[in-house]
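Presented sequentially are two complexes of chain A, the first with chain B as partner and the second with chain C.
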Partner chain A sequence: MPVLDATLPRRILSTPTAGPLAALVLACVFFSLQSDQFLTGGNFSLIIQQVMVVGTLAIGQTLIILTAGIDLSNGAIMAFGGIVMTKLAVDHGMPPLLAIAAGLAVCAGFGLINGLLVMKISLPPFIVTLGMLNVAFALTHIYSQDQTVTDLPPAMTFLGQTFTVGGTNVTYGSLLTILLFLLFAYLLGQTAWGRHVYALGNSPEVARLTGIRTGRLIVGVYTLAGLVYGIAALLLVSRTGVGDPQAGQTDNLDSITAVVLGGTSLFGGRGTMLGTLIGALIVGVFRNGLQLMGVPSIYQTLITGILVILAVTVDQLSRRRNR
Partner chain B sequence: MKTRLSAGLLAAALLAAGCGGGGDNTGGGDTGGGQQPAKVGLITKTETNPFFVKMKEGAEKASKAEGMELMTAAGKFDGDNAAQITAIENMVAAGVKGILITPSDTKAIVPAIKKARDTGTLVIALDTPTDPQDATDALFATDNFKAGELIGQYAKAAMAGKPAKIATLDLAPGITVGQLRHDGFLKGYGIAEGDPSIVCSQDTRGDQAKGQTAMENCLQKAPDINVVYTINEPAALGAYTALKAKGREKDVLIVSVDGGCTGVKAVQAGQIAATSQQYPIRMAEMGVKAVSDFAKTGKKVSGYTDTGVTLITDKALDGVNAKDTAFGLANCWG
Partner chain C sequence: MTPVLQARGLVKRYGHVTALDGADFDLMPGEVLAVIGDNGAGKSTLIKALTGALQPDEGEIQLDGSPVRFRGPLEARRHGIETVYQDLAVAASLDIATNMFLGREVRKPGPLGKVFRLLDKKRMREESARHMADLKIGLGSLTQPVESLSGGQRQGVAVARAVAWAKHVVVMDEPTAALGVKESGQVLDMIRRVRDSGTPVVLISHNMPHVFEIADRIHIQRLGRRVAQIKPGDYSMAQVVAIMTGALQVADGKAVVADQGAAEAIGLS
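And then the complex of A and B:
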């Protein structure tokens, strides 16, 4: 029995999401003490709504970072996807579901191109996605002519509608985001594909020698990430009720922030999807909590910056210890 | 692996400390009286532009005078609609009586404002109207068309019948404020869009470096430009730098809009000929007052209120109403 008692706490400690989760819980406790408006179902539903777009982008970002890549283009791809779906539906009268599908396809296409450039020409992901960031940003502004698209068909904003759970209004988009996280947590943790992604991130050489078709895997990961950015575009459109060409300009870095805060290593091969969800929630909880306390938003940026450096430091230290 | 958890704890502890410090700065914790003070929110486009810094100062002063608690938020960049939506939601959750907002995206913010108004929150647009304008309860702003018109009239008088080659350094496509000032300038000058005297039009996003680049390109295109309309003073100073590099700064007339302290000093120094001064502090003060009245009496303001605009120049011309830079400096912001 004493043996069991000793291993249980250690098991909890060695769970990669333990640190981020502790930070999230402590932040929640702190804000609950500071503001009596914080700890309500409605407020938590609000926080999830506010992180669902960046959170969903961070799902794709997590996949790519696990392969030791990085994606700077996700916010711009999302913005373009959002403009494509809204403009097709509003200006060209395309049925909303078809327009949404077209937007998803465009985003997946961007992901595919990213993946092919990284794999076929062996370009560093940082450079490929930096280029794609500019391409997608420019296309967004060219195609939209810098005009916000309004008067969207109801099917496009459906995910922004709410249903009631125990007196709290929850948006369908929040639910979809949570389901996506669970789906990808399952894919990463429980399938051969997920193990291959980790293996690739740990060592591409070893992964290849064990018979994993790494080229195909990389292209698949980037394409899948692109598709997820398309879903983020739909979430954004439904949340704001417009197609906004200015959207997503800092979301690439915000999604990396969520991934890093969630304990995923930027060197690849280590991290979890649920960690990323926690990371996204940490950002949302601080933004909301500080606002409820009446603290100007610039302090939220300051604190997020400190948190990121702490999280990366922890990752680096624990790597060193494992070595 | 223990480091992970302990660092998490450390992080939270640090954050907690950080929050405490931030809270002190706002002075928001002033709940000494038996009754909780009514809250008012101010959401600006960014936190770095001096225009919004002054607006915030005005709001701080006014809310102290009215015994209200001020909450503030801003986007990370001009056009950051998502951050403004988030701020509106959080302020409504915090129970503000009213929200003062300078919308970054005049159309995209409308659904979020509607949601806030549906909860009974008073929403007033400052400086920039929403599209449509009646999406907010009220608008307190500069008459941007008039601001443009004043400098247009001034430029016309200053040219005194000489043939003009005009460059317009504009804001960005699709942004109402920029369009209004541009159109006002043309009306004041007495020409129509597409007039042959307009030899170059470039977007600057109101940024000094982009203004300089735009002016350099315009001079490349039409070296004999002699009138430069600029969307704001940073763009004007950028244009001045570009003209100076060509040795043209003495014989080109630059007119602008804003009335920031840096801009008025540039008028004093003769770099900018004239500028239309606007009053962000007044916008914020009037906004806070209106929310305070609403909190006390339940009465909401409505419609458009002009917060005033004054032409500032040291080279007064016949037939053009203007104040000198001494007045400008006494009333400038930033």
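And then the complex of A and C:
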């Protein structure tokens, strides 16, 4: 029996990132026609800086959504992680690297608790993370006493510093974000662990019956996502230069937006990490481009909302066609 | 001859409901054994107990004459028992090769695999193609997601995976339930090929014509127990249905009318 390959154009069309990528390219073409400042290295460096925190949160969000879960708590966990690492370093004199490690551990710990609640008590991820959103939010304000932490040691703001590539200043944080995306794209696409995450999102029962340890996998995904939120906390701290208890309050929804715009299905089991990077960039490009055109920021929010609904509609329609 | 897979006195209770009430089971080498029974007779529970998907409260299972205890589906699979579950066979968005190797992925040799955990996708595709060809399952690309296949092709993937890994037994739960006539025929052909290659098959089915067409022996389950083991040629379909429903009983290899009214109602006796 000959094993036929789909023709190349069909394969490109059926690639899940094709739609988001086309949208991104079209948006870039549109905005470069509208503004001379859009298509410059400096502007793109700025766009990446603007999306790196939400983009990094969206990495963890993608992992969780692929398992057919959702995480409403990631922005709040990140805010708490940021307060923990800055306060430990500034108020308690902990060595900065140790304080950063503690912040990462706290975020991973929140992820672990989310994962255990989802797995052991089989609570819906929506409810678990909604609760955790409030817990982390409250702890952030209690622990920080609503005070912004300033005078950070240089190690904590290092990622906000820049290096120069071909005349364009790029922050180390942007580089780290891109590397994280590549790392997780690799883990999802090229390792057995990644295959198992997709299988779990398709059907936990199928995954279990094929011998995948689904409980361990779920807890692992949430914990790993928590660790990534910790990295997002460090990026946030390095970008703003302070530990801010008010940070990240809408970032949970923004990260979901990036994931959905990237073509990942909210029903789980379908989507890619590179799609999420594209999704985050779409949000960044629209915000930036509309800003350059002088469109008030509330219209940027309006357009982002419409884009999300469009993306979800496309996802639904393509699923229906596949059935 | 030692049965490949044997169970004695399996009991499984769910609260006040007794799903298995001292069930026995024997699968002989190289045969297709059909397991039939009315709804609620305990077929699924029996099969789940035999494949590690649940743990019986009492009773003993033997594989090749030695007692075994499966704490999960993975352990049963390690002992060479592969199961094709009804509706729960494949992960829809993943491709054929990935499904064939799900839970048993092959990594690249050397540090790429050991350190970087890199999957050997090419090798998995090649081996999948070979297994599919062995069972004469024709498919397009092995990289297309399983959800784009027809029901029969999906079942084909699930069967091919089970056969590829089964060293001892293949268990199939209603493999033709969701399929059309032609596709059912293809699955039955596949089952024959599996048996002819030497692997015994346990087939759970509601479809009497399919059972009579393919089974070497029939295990009839009723009220949580095995009430008869017969050869299809020795009884008519109507008699088998009567045994299933309790109208006939089998004693010393002969059918005895247990419920005169019920037996007359279906035209026996």
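Throughout what follows, the second predicted complex is superposed on the first by the 317 of 323 C-alpha atoms of A that agree within 3 Å, B and C clash if a C-alpha of one lies under 4 Å from a C-alpha of the other, contacts with A are read in each partner's own complex, and residues count from 1 in each chain.
Please note the rule applied: a residue touches a chain if its C-beta (ideal position, glycine included) is under 8 Å from a C-beta of that chain, and two chains touch if they have at least 3 such contacts.
Since the model is a prediction, treat every value here as computed from it, not as a measurement.
Visitor: After aligning the two structures on chain A, examine chain B and chain C and state clash or fit.
Guide: After superposition on chain A, which the two structures share, chain B sits beside chain C with no clash.
Visitor: Could you look at A:Pro95 and tell me whether it touches chain B, chain C, both or neither (first, second, both, neither)?
Guide: A:Pro95 sits against neither chain B nor chain C.
Visitor: In the overlay, work out which of chain B or chain C sits against more residues of chain A.
Guide: Comparing touch counts on chain A for chain B and chain C gives B.
Visitor: Kindly classify A:Pro124 by the partners it touches after superposition: chain B alone (first), chain C alone (second), both, or neither?
Guide: A:Pro124: touches no partner chain.
Visitor: Here's one for you: vertex at chain A, rays to chain B and chain C, all C-alpha centres; what's the angle to the nearest 10 degrees?
Guide: So the C-alpha centres give an angle of 140 degrees.
Visitor: Looking at the overlay, what does A:Asn43 touch: chain B (first), chain C (second), both, or neither?
Guide: In the superposition, A:Asn43 touches chain B alone.
Visitor: Considering only touches as defined above, state whether A:Gly305 meets chain B (first), chain C (second), both or neither.
Guide: In the superposition, A:Gly305 contacts neither chain B nor chain C.
Visitor: Given the touch rule stated above, what does A:Ala207 touch, chain B (first), chain C (second), both, or neither?
Guide: Second partner only.
Visitor: If you take every C-alpha pair with one atom in chain B and one in chain C, what is the shortest distance in Å after superposing?
Guide: Value for chain B versus chain C, nearest C-alpha atoms: 11 Å.
Visitor: Of all the chain A residues, which ones make contact with chain B and with chain C?
Guide: Chain A residues touching both partners: none found.
Visitor: Please name which positions on chain A make contact with chain C in the complex.
Guide: These residues of chain A touch chain C: 1, 3-6, 187, 190-193, 195-196, 198-199, 201-203, 205-212, 269-270, 322-323.
Visitor: Please name which positions on chain B make contact with chain A in the complex.
Guide: Touching chain A from chain B are residues 1-5, 7-16, 18-19, 22-23, 25-26, 28-29, 39, 47, 69-74, 76-77, 79-83, 85-87, 89-91, 93-95, 104-105, 107-108, 110-112, 172-174.
Visitor: Name, in rising order, each residue of chain A that touches chain B in their complex.
Guide: My answer: residues 10, 13-14, 16, 18-23, 26-27, 30, 34-35, 37, 42-43, 46, 49-50, 53, 145-148, 150, 236, 239-242, 244, 246-250, 263, 286-299, 301-303, 306-307, 310-311, 313-314, 317-318, 321.
Visitor: Applying the document's contact rule, which stretches of chain C touch chain A when the two form their complex?
Guide: Residues in contact with chain A: 53, 72-74, 77, 83, 85, 88-94, 98, 102-105, 107, 117-119, 129, 132-133, 136-145, 147-148.
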